[in-house]
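Naming follows writing order (A, B, C, D, E and F), and every chain is counted from residue 1.
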């Protein structure tokens, strides 16, 4: 259960990253573009691994989450933040259409496209209360300490459950985001034709019959 | 106008359903999996018929809506609930990635993906106020009786309108969920090239010209 | 930066438009349908140009936004409204499944599908506060005058930024709505392999190094 | 292993089927269209079951294969014909765009789109040699008797193989027709994560080690 | 029924077209790219209108069909050529990945992807016999005069049939190329729910009953 | 320009690979399946890199190309073979639906789906002449030596051309296989908005003007 923090305290320095992109080693414009495309793809992959990782990833955000910070947290599964957190799709201010995932994932995770567009076109700050009401985060905490407690508590709880169930759930949630409902149901059935026979379900069934707590079941690692 | 109730009062007993899945009649693991896939698909279809039904389906939910209860209500078109309602994606607690539709439909119908993931990974209860603010239900009522009145009232109102208009609307809403905007517009134009000539529109046009109420128009059944 | 207003004060007269559709010039039913499909497509395109326009389009809505008014504002990028605004998917009341874009775009822009369905099946009014909480608009203003001030202010602010950044952002936001995250990232990388070398970024980088304000940068037109 | 014959000897009488479509029971044009759509879908399904059937379906065609006959054989997996066979997409001659599957499946199964279009626009006969060279059939036989022998022989041979392997192959071949290569590979991996452990593979491995013939392995039914 | 000829006798002069692309009016590389993308899209549309045109388009090709000539004929519905015709995807020879449609359409219309790739990577000539055996053309004629006779004859024959049938066929053939079989069947059913009631079918039915020739039916224009 | 040979002389020993799959290290069936899925995906990727490689890959096949050999050559761009070559989708014979790419790619590269199905269901050998007529290979050579000469000659020729043109062509050919024509055209325009300004095109234009041979242009590496 990964927990990403430090990186988010302040956005990765845009200018640092830019320098790599802005000093091409090639003469021909097409060859420069070819190499830039490769580099952008590599950077994108460094965020996409978060959603390819089958274990749920929780982002605990306090203070400013800016630029690539937003790219990063939108690739996570669950977002908690503290009262003092704010979010800023900053790239438009430096002449750049952001290309590390925000434009691709943000509209999928919050339920107000007018707001998504407004944030991306203006680079204005969105404070924690708007982040909650718009659905970017699912909970807000008074300060950093209670935020981290809650995030670690959540991680511990999820880690106590059957990894077959938890990770199968993540794989299928990511799948259904990008496919029609019918296709996703078909994939789910094909997935579970096997997973339904896990010993984890057997153990749960026995616990229910023996009226012992589901919390006491131990699942082996995945 | 279907109205689903009793089933939702408490989730279908997971263990009942599980027993069918957990006692295979076959020896070979591949043949067991083959048959399980068939059974899962059949169960899925029993929920998908709700969205294939061209008439709008209203779910009126009070008290606990658990496990397959959530699969069921996410396949409905409109969700109302009472104050005492709560929702629980319970399956992860018994070692199972839920496979009857919740993972496929829930992210499409509420505007907070962080919350969807949190619910699916933790099996925590979501109370009626969060169900409203997150967009799972569109109205909350003080008690079961006012809930049912409202749901029946809504059903009666929709039933009073042109079935060509209402059911054509449902077909195209379900279609646009799974297709690009451009494809959905094309489908809509192809749909209405015919439906625009219905006598129901003619009757409405006449009512407007004669300044009589649109409520007094009677549409024939579909 | 377009700003659409007058049209929205009251919905285009449905009956006006209907008359064009309801008086076919042909005898054969198939030929009538063929021509109707053409006309519907043309009308649809008059709304789709708003999202094909690479410049952001802001809708400032006061008073009733009805029928095709809703088709229109859902095709815009950002929606602001005044306190007295209300929204009504009116078509079902005249026997018609609305076909100019509402059924295709509305579910993508607000985070409560139960509400979308309810509005489309009942034609009930949605007032400005529900429009805000459901995510149809991103801000509500006390009156028409403050609304217009805010909308023009927003337009001015967006217009002051690099058009390469702003319009590249819009193109990719519209693209990602209709494609999987992976496909959209690929498109984004292919897009920016070129755009990253714009002088607008260079100017921004220099401004940062020289500690001058980003606001003072002038970008050439696009 | 189904074997479809009689039906193909001469196309289903178009006029018979047409009469069902041409005598509507309704007054309103929209309601007539609604019911026609239902009927067309039902007819389509009677052909689509052939590709939903997980067992391979072989079409043995002699003499004329006309109209819905073509809809039928294009839904089959393997097509053999005799020298005297000919194929005719006849519908255009009676004022109809064929709607039972030919326009949807034929371009997928033969490698000459210019020819597909020519056949569909002109209703001209395609003789058996052109059917072979264009890829509509995979073998041509001198007469009906040798055709049937070959088709039954093929059916017997396929039936002698592991049904887990054969039917898993069909499911994935149909899947890959409608999906990108990457999606189809993912589906295949999810499919085989289970099927690879079938006893049928174990038996084959043992036969190889013991140098006995693979033909002597008996698989249990599916 | 369009018939395209002169243009194909020799490919549009690549250098002519290139000059428009190679002399940008802008300074900033991003703005140059932005304008180039617009121009490429416009050129692409000048070929795509051929497949948007609902009437079948026949290409009659003699002598060299080179570069954009190939873009053009791959957008047509039926391709006939004379013995002396040859085809050349020439762009790679001048440092250019061809971008007017050949890479997008050619693999869909001929059944040998190894050959498609070979042609696109080497710019080698493909003579008329290979064009026929690979499926690029559906017929080859000894000389230009017999070619034109055949193409005009084909156009006349198609023009004699019901335009509702012919053009509905084209719309659905183009649709099914880009969609899954199931989606295309659904579209077809929605299309024909209306078109099945055309008077053209009625006339055909009567002709069959009265044993008069289908050739004598006159359909009104579309 | 890669050239794959040795591997194809005889198919990778199925039993070798199987042993890795057939001896799971886990107890729980779900965990075994989870790990098998990972392994299958890894194997699939070892073939998919061939199509991700932007340089064209030529397969020169002599003698038997069996099982994973077919998976391998179908992932290549161009296929040449010698007279003595034969192809066999062998997996069905050992109880296995082949899962390394044949079922996903073969139907896209040859124009006879009846034949694809027949090969996959029966595991029968396809000889070189049928491989040519069906479109699996684009040329057949009398023996191994002439085959290799031709393959190396082809590689040399392609290598002499602009890598911007050649590799941009491959990227867009692979893209268009998995997308609609309209989407692929849009991607192509976005691609070339940059690549059109390569110095390679400039050099070609100059060569044409100066009437020197295109063969004499030297492009820098990519």
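Keep in mind that, in the parts below, a residue touches a chain if its C-beta (ideal position, glycine included) is under 8 Å from a C-beta of that chain, and two chains touch if they have at least 3 such contacts.
Quick caveat: nothing in here was measured; it's all calculated off a predicted structure.
S.K.: Hopping along touching chains only, can you work out the least number of steps from chain B to chain C?
M.R.: Tracing touching chains, the least step count from chain B to chain C comes to 1.
S.K.: Which neighbours does chain D have in common with chain F?
M.R.: Touching chain D and chain F alike, sorted by label: A, E.
S.K.: Roughly how far is chain D from chain E, centre to centre by C-alpha average, rounded to an integer in Å?
M.R.: Roughly 27 Å separates the two chain centres.
S.K.: Calculate how many whole Å lie between the centre of chain B and the centre of chain F, each centre taken as the average of the chain's C-alpha atoms.
M.R.: Here chain B and chain F have centroids separated by 45 Å.
S.K.: Averaging over Cα atoms per chain, report the distance between chain C and chain E in Å.
M.R.: 35
S.K.: Counting only residues that touch at least two other chains, what does the list for chain C look like?
M.R.: Expected reply: 29, 33-34, 108, 110-112, 133-135, 164, 177, 190-191, 193-195, 197-198, 200.
S.K.: Is the chain-to-chain touch network here best called a line, a ring, a star, complete, or other?
M.R.: other
S.K.: What are all the chain pairs that meet the touch criterion?
M.R.: Applying the touch rule to all chain pairs gives A-B, A-C, A-D, A-F, B-C, B-D, B-E, C-E, C-F, D-E, D-F, E-F.
S.K.: In the complex formed with chain E, which residues of chain C make contact?
M.R.: Touch residues, chain C against chain E: 27-31, 33-34, 164, 194-195, 197-200, 220, 222.
S.K.: Quick one: which bits of chain E touch chain D in the complex? Just the residue numbers, please.
M.R.: So the residues of chain E touching chain D come out as 56, 77-79, 108-112, 133-138, 154, 157-158, 161-162, 164-166, 168-173, 176-177, 180-182, 184-186, 188-198, 200-205, 208-209, 214, 217, 219.
S.K.: Enumerate the contact residues on chain A facing chain C in the complex.
M.R.: Result: residues 15, 18, 21-22, 24, 32-34, 36-37, 40-41, 44, 48, 51, 91-99, 101, 103-105, 107-108, 110-118, 120-123, 133-135, 177-179 of chain A touch chain C.
S.K.: Chain C touches which residues of chain F in the complex?
M.R.: Of all residues in chain F, those touching chain C are 187, 190-191, 193-194.
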